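This is the structure I want to talk about, given as C-alpha cells.
So that you can tell them apart, the chains are marked A, B, C and D in the order they are listed, and the count of residues begins at 1 in each.
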Amino acid sequence: MNLNSDKFRALWVALISVFLGLVAGAILMALTGHNPFEGYTYLFQGGLMNIERIGNTLATSTALFLTGISVAFAFKTGLFNIGASGQMLMGGLFATAIGLTWDLPKPILLPIILIASIIGGGLWALIPGLLKAKFNVHEVVATIMMNWIAYWTINYTIPAYFKGEYLETESRIIGNNASLRVEWLTDLFNGSYINLGFFIAVAVIIIIAIVLDKTVLGFTLKAVGFNKESAKYSGMNVNKSIILSMMIAGGLAGLGGATFYLGYSSNIQIGVLPAQGFDGIAVALLGANNPYGALAAAVFFGLLHSGKGFMNAMTDVPPEIGDTIIATIIYFAATSLLIHKFLDKITAFFKGGLKK
Amino acid sequence: MIDIITGIFPYAIAFTIPLLITSLGGLFSERSGVVNIGLEGLMIMGSFSGALTILSLEKVLPHGSIWIGLLVAALTAGVFSLLHAFASIHLKANQIISGTAINMIAGAITVFIARNITGSGNIRIKLGLNRVSVPVLKDIPFIGDMFFTNTYMTTWLVLLILILANFIIYKTSFGLRLRACGEHPQAAAAAGINVFVIRYISVFISGCLAGLGGAIILVTYSGEFNGSVAGLGFLALASLIFGQWKPLGILGATFFFGFASTVANVSQAIPVLATIPAIILKIFPYVVTLIALVVFSKSSQAPKAVGEPFDQGKR
Amino acid sequence: SKKTEPTAMAEEKKVALKVGMVTDAGTIDDKSFNQGTWEGILKAGDELGVTVKYLKPVGTTEADYLKEIGNLYDAGYKFIVTPGFKFETTIFKAQDKYADAKFVIIDGTPHNADYSEFRAEKNVISIFFAEHESGFMAGVAAALELKDGKFGFIGGMEIPAVQKFNWGFQQGIIYANENFGTTINLDAENIIYQGTFSDVAAGQQLAAQMFDKGVSAIFCAAGGVGVGAINEAKSRAQAGEEKWIIGVDVDQYSEGIYEGEKSIILTSAMKRIDVAAYDMIAEDLKGAFQGGATLTFNAANNGVGIPAKNPNLSADVTSKVAKVYADVQNGTVVVSAEQGSLIK
Amino acid sequence: MDYVIEMEKIRKEFPGIVANDDISINLKKGEVLALLGENGAGKSTLMSILFGLYRPDSGNIKVNGELVSIQNPNQAGELGIGMVHQHFKLVHNFTITENIILGREPKGFKIDLSDARKKIIELSEKYNLNVDPDEKIENVSVGMQQRVEILKMLYRDANILIFDEPTAVLTPQEIVELMKIMKNLIAEGKSIILITHKLKEIKQVADRCTVIRRGKVIDTVDVKNSSLAEMAEKMVGREVSFTVNKEKADPKNEILEVKNLNVINSRKVLAVKDFSFSVKAGEIVGLAGVDGNGQTELIEAITGLTKIESGEILLNGNNINHLSIKERINAGISHIPEDRHKHGLVLDYSLEENMVLEQIDNEKYSQNGFLKKDAIRSHAESVIKDFDVRSGRGPITIVRSMSGGNQQKAIVGREIFQNPDLLIAVQPTRGLDVGSIEYIHKRLIEQRDSGKAVLLVSLELDEVLDLSDRIVVINNGEFVGEVLASETNENEVGLMMAGVQKGENS
C-alpha cells in the first residue's frame, strides 16, 4: 500500500484518530474505576449484538450521514456549515407540517415530504449564503445565529399550529402514510427503527460524490470555494455559487431532519437543538470531507451512540463516554499534522530499510 | 416604561457579565490571530471546575469557596484551552474544527466525570454569590437604581478586567505585539517577536476569561453545573464580532444581548411585553446580530490574520 | 457515596429481581420527577434487595425511550419504571414487545399514537397522581402562613401534570381566602408557563420580576426553571427580603437552605412518587403485581400532599392545614382537576 | 580581507527540493553585493537563513569573522543584520512609529512613544527618508512603506542590510529614490545584499554579483567588469537575448474600442476619466502609467470585473457594456491577470483543472453537466507541451507547488489557447527571471503576428517600450497621450506618465 497517496493518508489519519480516541476512552474509563475491556465489549455488543440492534445502529447513523455530508459538501466548497442543526430542524418542520396536513397515499406523500424538507433546510441556509455572498458575513457566525432562530421558530410554531393532543412540547404524531418507516424493513430488522431514510441517505451521498467529482457544478463550486477571486476572473458566478453551495448543504441537512423526525422518530419536539448537527462536523472531519469517508464515519459514530446505552445498562460506565470518545477522535483528526509526521517517520523508516 | 427598564436593568447586567467576560476572552484569542469557537466549551469547563471546587469547599469555607471556585474555574479552563492552542498554533489545525472539538470534549467529559461523582451529571452548589447594593451611589436617583442596586461583586470584577484588558491591548507592549500577531504574524516574527508564545498566552487568557464567565453563571444565577451554558459561548463569539473586536464595542454588544435576552425571558411577567409574541422577542437578538454583521461588513475590523495558522515559511 | 449503587445492607438480602428505570427529560437529581421515582427504587434496592439501574435516554422521542427499555431488558432488567406521560406510546409498544417484562408508568396510560386505542396489558400498571390536590394543599398552607400579599406561579411546559398543580394551587388560595380570611392576590400576569424545564436564567429573571412587583411567594412546578427561581429567592433572603418559593414533587426544603439553617422553601406540593415506585416493586415481590390496573395516588391514600415537617409553617398553620387535608381526604372538600374559571 | 558576512557551504532542503546546495557567499564592508538567480534558485531561502527565519541543514555563518549561530530574527538583529522582505512585513493598521518599535518597545508597563518618535524623525532626516511617524501604514504609498522597512533596520542599528527584490513593487521614480538611499547607506558605512531580477539595477548600484542557479553558486563577478549578457547567461545557463526581436507591426481592423469611459473605484472615486483608446488586430498596445493611476480599473472595466459609470466599450464593433465576464470571455477577450496567485489560478486545483477554469462549460470539456476528463487532460497536455510548463507531476500537479515562472507560463498558455481576439496581459512578467521573461515576450509577439490584438499593461517602462507598437499613457485616470514605440524614448514616456502632455515640456 502506498502510504503517501492522499486517499490512503486520509484513511490512515482517520483510523489512527479512531484508535487514539478509543485509547483515550479506555484511559478515562480506567481512571474512573471502570473496566475498559468490559466497557468496550458491551459498547459494541450494544450496537451490533443482533439484527435489531444493527438496524438501530444504521437508523442512528442515518441523520448523521446527511448532516455529515452537508458539512462535508460545504467544506469542499469553501464554506463552514455549523448550522446543520437549525437546517435539520427547519427541514423537519417543513416535512412534519406537510405530513400532518396533507392526507395523500404514501407513495405520493413521501416524495413531497422529502422535497419539502430539502427546501426547508435549503431556505434556512439561503440566508447565511446570501449574507456571505453579498456582504461577506462569515457563515460560521451567521449559521450559529440561524440555529437559534430555528430553535425558537420551532418552539413557537409547533405548539401554535401542530401540537399534539395534550402535548404542548411536540407535534402530533405523523400518520403511517407520512412515515419513512415501512413494515417489511421493520420486520426484516426485527422491530428496529431502520427506515427508508437510510437508503435515501446512502443514495444521496453517492449523488453528492458524483456531483463533486464529475460535474461542472461540482467543479465550479469547488473552484469558488478554493479561490473566489480566480473563479470570478474565470467568469464564474461567484455569488450564485456560494448561495447554491450553502443551499445544497442546507438541503442535505434538512433532508436529515426529515429522516430523523419522520423516520427515526415520528414527530418533532421543541426545546432541542439536534446534536446531529454538530456531530455532522465530526462525521465530515473524520471522513476527511470525502462522501464515502463520511458514510463510514457516520456508521461508526452511530455505533457508539447506539451501543452506549447497553454499556451503561451492563456496567456503570456513564454513556457520555461515547460522546467523549467522539470528541477526542475529532480532536485527533483535527490535529492530523501529528499523525502525518508519525506516518512520515514510518515511511522514511521503511524506505531507509529498503535502501539498506 | 422607565420603570420596566430600571426594573430589568440589574438582571440584564447580571446576564451580560458572563457574556462580556467570555467575549473579552475571545478578544484576546482572536486579536492574536486564533479563532476561538471553543468559548462555549471553555465556559462549560469553567462552570464544571468551579462547581466541583465550590461543592467540595463550601462546608469548610462558606464564602471563600466561591472566590476560590472562580479562580480554579479560570485556571482550569485556561489550561484546557491550551489544547486548542496546541492544535491551532503548533499543529496548524483548522481553528474552527479544533474549537468545535474543544466544545465537544468539554461538553462530554465534564458530564462524564460529573456522572461518576454525583450520579446525575449535574453539580449543584448550595451557596451563591450575594447581591449587594453600593452604598451612597445606590441613592442617586435613576442611575442608582439601574447600576448600583442588587449588583454582584463579580460584576465589578469583570468591569475591572474590562478596563485592564483595554489598557493591555492598546497601551502596553504586550498588547502591541498581540495585535501585530493577529494582523500580520509574519511582520511580528520579522520584528523578532515569538508569535507562538504570544498566541499561546492569548489563548490561555481567553480560556481563563471564558472559564470565569462560565463560573460566574454558576455563582450568580444558575447555581448548578449541568453540562451546558445554553449557547452563551457562541453568543459571546457573536458579540465579539458585533463589537468589532474592541473592548468597548464588546461591552456594548454584550449588553445589548443581555438586555434583549432578559426582556425576552421576563416578557411573560410584564403585561406590556406579554402582548408581543414571545418568538419575536426571543429571536430579536439573533436577527439584530445578523443585521449588524451586514452593516459592519463593509468596514469590518476583523484581525487580518485571524484563523490562519502561522507558518514561518509562508510569504 | 454514589447514589447509583445500593448500600451494603442490600447485599445481604439480594433477590433476583432487577429493577430498571428510564428517566424522562431532566436528570436523575432533578429534585422532582425523576429523582422521586429513583429514590423509591433505591429504597427498594436497600430494603428489598432488588438490583437497580437507571438509564438516561439521549433524547425524548419514543425511539430513544424504547431503545433504553431494550437496553435494560437485554441486560436482564425485567421490571421497568418510566416516569412521565411521554412514555405512554412507548409503553404501549413495549408491553407487547417485551411481554415477559413488567412496566410501571407514572402519570400516563399506554395508548397508541393517534389515541385510537388505549390498552394496558397484564404487565403494565399506570399510576396517576392528583396533582391538583397537592397544589391545593400547598396553596392553602402558603396562604395561611403569609396571610396577605401576592402569590405567583411559574410552570415549566404547559403539560397536564403542571397545569393541575397550577389549578389546584389557585383553588387552594381561593379556599383560604374564603374560609380563613386571608387576602392573597393572584394576578393573571403572575401565572406563567416559562416554556421549558431547563432555562435556569429565565427562571431566575422571571422570579426577580415577580418579586420586584411585590409577589411574596412563587409556586414553581418547572424543573430547572425552578432552580433559577430558588436561587433568586435565596439571594433576596440573604439580602434581608422576605421571599418564598413553594416547591414541587418532592420536599424541596433542603434546596432552599441559606445561611446554614434557614430555607426559602415555604412548603412543597408533593406527589409521593417514591412511595408509588417502592410499593409497586414490593407488591411484585409479594406476587401481587396489579397488572393492567390504573392506580391513582391522591390525598385519600396519602399519595399527595405537603411534607409532614414544614419548618417554615407555624404550628397553627400546620394544624389548620391538617384539618383541610382531612376534609380533602374524606371528600368534604373537592378539588377540581379542570381549569374551569381559573386563570390560565 | 574584511568580510562582514561569510556564509560557508550553506545547505537547506525542503521536502523534495534542495533550495540551497552548499552555497557560499561573502559580503565586504561598505559594498553592495547583488544576488542573481532564476525563480526558485534559492536566493530568498539563503537570506532567510542569514536573517534567522530558517535554520540551515549544514554550513557556517560568520559575522565580522566570528562564527555565529542565528536562531531567530532577534539574534540577527543583535548581530546588526536587518532585512527588507519583498512582501513588506508591516502591520497595516499600526502607525509607522508602532511598526518600527514593534519587538523593540521602550521599557515600562505603559509604552511611551515619545523617545522612539524622536529617534525616528532623526533617522529619517539623516537618511533623507522623509517619513511621517504618526501616519498609519494603510494610508501611505508602497515606496513610503519600503522606507519604513529601511527605518526599521536603522532603528535597530543594523549595518548589514538585506533587500529582497525591493524594486518589484516600486514605480520607476521610487526606484530611482531607492537607489539614492542605498548609496547614502553605503556612504554611512553600511553593507548591503541586494536580490533583484533586474540586471540594470545591479549595474547601477552593486559592486559585486553572486550568481546562483538551482541552489548552487555559479560565480561571483565584479559588476564593473561584466556585461549584462554575461551575468544573464551565467544565471540561466544559456544565452539570453535582451532585445525583443520583432517585425514591424501590421495593424488591421480595430478589435477593442474604448470611448469616453468613466469608472468609479471601490473607494467611490472616479478612477478612470473620460478615457478613449483602441487596440487593433495585429498590434501590441502598451498602457503605460505609474502604479495606481487607473490601469487596474480600466482593465477591470474592459474585462467586466467592474461596472462602468458611463462610456462605451466595443469589441469587434459590438457594444459589450452589458456583457458579463463570462460573456466577454466567450466574445473573445482573454486576460492574464496581474496577480497570478490571487486572480489567475486556483492554487489547490491541479494544473489540468486550472487550464479549463474558463472553459469548463464549453462542450469540449463537459457534456450535460458532466466533465469530460479525457478532453481536459489532453488539453492540459497540449498547453504544457506548447508552453514548456515544467512541474513535478504534469497535468495532475497541484499548482501551488509550482514555481512562479511556470505558473505564469501556464496562465499565458491557457489564455492564448483560448484563441482570443483580444489578449490583455497585465504585468505578465512580474517577479520572473530573465529567462522566463524572454519566453513570455516571445509568445506575446507571436500572438500579435498571428493577427491578435494585444493590450499590455506594465509598470516596467522597459517592457512597455520593448514590446509595444503603440503606447497609450495614463495618468490620474486620464488619457495623457499616445506615441509610437519606435518614435519615442524612456524620457518622453516617463514625463507623460508624470502627467506632462507630449511636447508640453519642450
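Observations on the structure shown:
The working rule: a residue touches a chain if its C-beta (ideal position, glycine included) is under 8 Å from a C-beta of that chain, and two chains touch if they have at least 3 such contacts.
Please read these numbers as outputs of a predicted model, since none were measured by experiment.
Comparing the chain pairs A-D and A-B, the larger number of C-beta pairs in contact belongs to A-B. Note on chain placement: the centre of chain A and the centre of chain D lie 46 Å apart, centres being C-alpha means.
Between chain A and chain B, the centres computed from C-alpha atoms are 29 Å apart.
Separating the CA-averaged centres of chain A and chain C is a span of 37 Å.
Chain geometry summary: the mean Cα position of chain C and that of chain D are 77 Å apart.
Looking at chain B, residues 116, 121, 278 sit in touch with two or more other chains.
Within chain C, contacts with two or more other chains are made by residues 4, 56, 195, 198.
Not a single residue position of chain D touches two or more of the other chains. Listed by chain label, the pairs that touch are A-B, A-C, A-D, B-C, B-D. The residues of chain A lying in touch with chain B in their complex are 28, 32-33, 80, 82, 127, 131, 135-138, 140-142, 144-146, 148-149, 152-153, 155-156, 273, 278, 281-282, 285, 318, 320-321, 323-324, 326-328, 330-331, 333-338. Residue ranges on chain A touching chain D, taken from their complex, read 214-217, 219-220, 222-223, 226-227, 229-237. The residues of chain B lying in touch with chain C in their complex are 7-8, 10-11, 15, 116, 118-122, 124, 126-132, 150, 217, 221-224, 226, 230, 261-262, 265-266, 268-271, 274, 278. Residues 37, 83, 86-87, 91-94, 96-98, 100-105, 107-109, 111-113, 115-116, 121, 231, 234, 237-238, 241, 277-279, 282-283, 286-287, 289-290, 293-294, 297-298, 300 of chain B are the ones that touch chain A when the two sit in their complex.
Here chain D touches chain B in the complex through residues 51, 53-54, 72-74, 77, 83, 85-94, 98-99, 101-106, 109-111, 152, going by the rule given at the top.
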